[in-house]
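What follows is a set of structures for review.
Look for chain A in each of the two complexes below; its partner is chain B in the first and chain C in the second.
What follows is the complex of A and B.
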């Protein structure tokens, strides 16, 4: 245990992986809170899938696997996907879930097509793009972590700045509109910040598991509190803990894949929260029902004994 | 904070209407929801907007507040476009339009009423908190200030929404079906609030569905069914002819106007259509 702790601080690889995963957990925990409360949990899934063709196109243009152009490509594609999504919802009769499905499958299909095309080329540089499908946190290096910290820092600063506005938008968009807060602008800003979270997550947990990083921490945090601020902080903490635990577990001798391990750690937190959280947890609910039944039975028995009820 | 209401400076005899709609048409994909609406709602009135389901009542107030896209026409609030008069308008949306499981308490929701004046980025402080507390008190909800909003009854939630509008400290209050699904205590609280607002010179416009209670609560009436069917002082407008034209034209009430009979008839018709 203490050896693990020492590695966490001094082992270059583990330190980067743990830091990168924790940063992802914090950013996706914060932004996921808004996504979950706005009932847009699957938006992150769509954005993550939509990012894949962006990565491929960026690679085809630059011909290298340099980090920043690829992430930029991912971000742009995710953002374009969002705008198309908003357009479909606004301009057609299709509902949001249909629009999410259309954007997700079209962009992802195109991405896989490009990935196959790249893999078939005779290019020594090609290998490794498919790591964005399932993530490869073990390959995180210091420069990645620095990029994550900058991106995440900007996203969190904006959330802090527009905390009131985002709260109002999430709770009552119509009222927000009547007060003159541009709800379309706010929505676009919030969704763009989710794109940032997705960009951070692509390399770590990958396209396929990114949705879990947005939904999991927030869903778990909602169980424990009735205050938005507390929920957001708790969600960030859950995300960070899952990130670090996942990273450390994947570094034990079994050499588990980091992304899926992070998501599994998160799943444990989610299930524990669903079951044991006070007031909203299932166990608590069961206990309360039992107490009620008991009190009721006792009352009936008392009435019977006193002769009020036969 | 007090605002000099513009209408007070208008020359006597020509008061500026609180709400003025000109040639307003709103359509959702081809189908007109509101057709060529011309309407003036006088300042200081307690106005009910009444009409059958799908008549465009909610759309009318959303259009007036810039929340529905206009296909044609214009809106002015106390003589100016809505954009410039936002601070004069308090809005109470339908209670069912939000998720009451949102993680927040009653006081926090009411404080949202102060965000408009605060503007972008500025955080509410002690002053806003006090305004919100006073608004909650006025609706008999002070004891519930720190209650999670999902633990409030439907009527209490409605009062929280009304308190939020009060915290806006407006001249014109626009309410979408505030009486729907509320208990007797809340209904009384709303009626008291409406009267008090009127006594303070404010204007209130309510979308209302209950024809029976309407004559007791309001003094100005707008009958709407996609078009404006009739509008004017309540008693003069609440006639069987007007109501039957609003609700489909199948009532045959003769003789002296019996508000209750008219109300029952109209509601029966509404059920059929």
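What follows is the complex of A and C.
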């Protein structure tokens, strides 16, 4: 145990992986809270998939694997995907559910087309883009962690700055609008911040598992509290814990890939919270129901014994 | 059978089998559920292969169907607890299943060809080499047999249960009242979807299956309101996209599955823009037309109100109209052009004069 702690601090690889995963957990935990409360959890899934063609196009334009342009491409593509999503939902008979699936799958398909085209064309850079699919948390280096910290820091600062506005937008958008807040602008800002979380997540857990990073911590935290501030802090903590646990487990057991391990750790937290959180926990509810049934049965038995009912 | 035949044929069969189910999934708002299932079958598929000690088709189908059943049940159960909403329930279950599948693959199956690329993109490129051998006879590519079977299965499923599917889709309450069980239909549809996903999975991968399931149907829905038209139309759209995608992929030397999905995305985009009833362009055109008609009607009402009044001379002069109505010159021109074309006004030395039909129109508008 103490050896593990020492590795966590002094082992270059493990420290970066754990720090990067924890940062992702914190940022996606905070932004996921808003997404889940606004019932937009799956938007993150769509944004993550929609980012792939952006990464590929940025690579085709710049011809290099430099981080910043690729992340910018991912962000722009995610944003374009959101606009098309809104167009479909507002202008056609198709439901939001269908629109999410359509944008997700077609953008990703186009991304796969571009990715294989790039891989076919120049082998030298090949390994570079594939990592966004499954994420390569294990390959995070110090410069990645620094970029994560800057991106995440900016996102969290904006959340803090607009805390009241986002709160109002989340719980009563009509009221927010009537008070003169630009709800559309706020909504776009919040979605853009989720794009930032997705951009961090793509490199760590990859396209498919990003949904879990946004939804899991928030859904778990929601069970423990009814207060937004507490929920956000808890959600960030759950995200960070899952990130570190996943990093450590995959470090000690070589055959465990980091991204999936983080998600599985997170899933355990979610189900534990659903079962055991005070007040909302399903186990407690089951226990209360059982007690009530017993009390009721006893009461009926007493009434029968006393001849009040037959 | 050569690759040049086997690959596009498989593509068309995969797209058709998927598209057959799409209409119901779109109408039941289960697009993201289909996405979840196509990802969540992974651990079942791998577990099946582990138990069969190799990529055995039947074991794969069985494992994947079980995984799909687990996923659907878990999502429904999570929703019923009312602790999380439907979207979050899906977003909790399928990544967990997919992560489990990925861990299983790296743990037990680093040697078989279920590698990362195959999971996400499939490998339709190689279907011609995996042939179905029976009694020592080569009966052609396995994928063609499997996907033909799935097309037939889905066709039979829809054909036999069309009434039940339609009723539970559009009015679950009435269906239940009439004695059809919406739950049984729901799970049956999920079962057929998961079997189709497994079949399509090996050809086009986990993420792209869902594109072939829902996007052709969504495209068809933009073009028709009738279910009986929507289903065949979506199959045609899927098949056409598969063929276009195949040609494009060969031309640019890239993933066939990716190109198929890109093609279906382009077809959806075209419908989104140009559908006669719902397309963005059609709507914009309709709005513009409505604005023009209303402007022309307001013009004749304006002229009608001032007709015979002392200021009629000034109010009907073409130059003054923009000021009098506080309209932009462009809008005024549009209104004058529209009204003249409809024969409501005639120009006479710089003034507009109402015709009899024009007066009639003004009276009608005012009487509304």
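Throughout what follows, the second predicted complex is superposed on the first by the 306 of 310 C-alpha atoms of A that agree within 3 Å, B and C clash if a C-alpha of one lies under 4 Å from a C-alpha of the other, contacts with A are read in each partner's own complex, and residues count from 1 in each chain.
As a working rule, a residue touches a chain if its C-beta (ideal position, glycine included) is under 8 Å from a C-beta of that chain, and two chains touch if they have at least 3 such contacts.
Remember, predicted model here, so these are calculated numbers, not experimental data.
Model built by superposing both complexes on chain A: chain B and chain C fit together without a clash. Looking at the shared chain after the overlay, A:162 reaches chain B, while chain C stays out of its contact range. In the superposition on chain A, A:211 makes contact with chain C only, while chain B stays out of contact range.
Here the vertex is the CA centre of chain A, and the angle it makes with the centres of chain B and chain C is 70 degrees, a multiple of 10.
By the touch criterion stated above, A:256 is placed in contact with chain C alone, chain B being left untouched.
Using the contact criterion defined above for the overlaid structures, shared-chain residue A:108 touches chain C, although it does not reach chain B. Once the two complexes are laid over each other on the shared chain, residue contacts for A:93 go to chain B and to chain C alike. In the overlay built on the shared chain, the residue A:36 is in contact with chain C alone; chain B does not reach it.
When the two structures are aligned on the shared chain, A:222 is found in touch with chain B and with chain C. Of the two partner chains placed by the overlay, only chain B lies in contact with A:174; chain C stays clear of it. After superposing both complexes on chain A, the closest C-alpha pair between chain B and chain C lies 9 Å apart.
Under the contact criterion defined above, the residues of chain A that touch both chain B in one complex and chain C in the other are 39, 93, 222. Only residues 37, 39, 93, 161-165, 167-168, 170-172, 174-175, 177-181, 222, 225-228, 230-231 of chain A touch chain B when the two sit together in their complex. Residue ranges of chain A in contact with chain C, taken from their complex: 36, 39-42, 44-45, 49, 87-88, 91-95, 97-98, 100-102, 104-117, 120, 130, 133-134, 207-209, 211-212, 214-216, 218-219, 222-223, 255-257, 259-261, 263-264, 267, 270, 274, 280, 282.
Residues of chain C touching chain A in their complex: 26, 29-32, 34-35, 39, 78, 81, 83-85, 87-88, 90-92, 94-96, 98-100, 102-103, 106-107, 116-117, 120-121, 206-208, 210-211, 214-215, 218, 221-222, 249, 252-255, 257-262, 264-265, 268, 272, 278, 280, 283.
For chain B in complex with chain A, the touching residues are 29, 62, 65-67, 83, 86, 89, 91, 93, 97-99, 102-105, 109, 112, 115-116, 118, 120-121, 123-124, 148, 150, 164.
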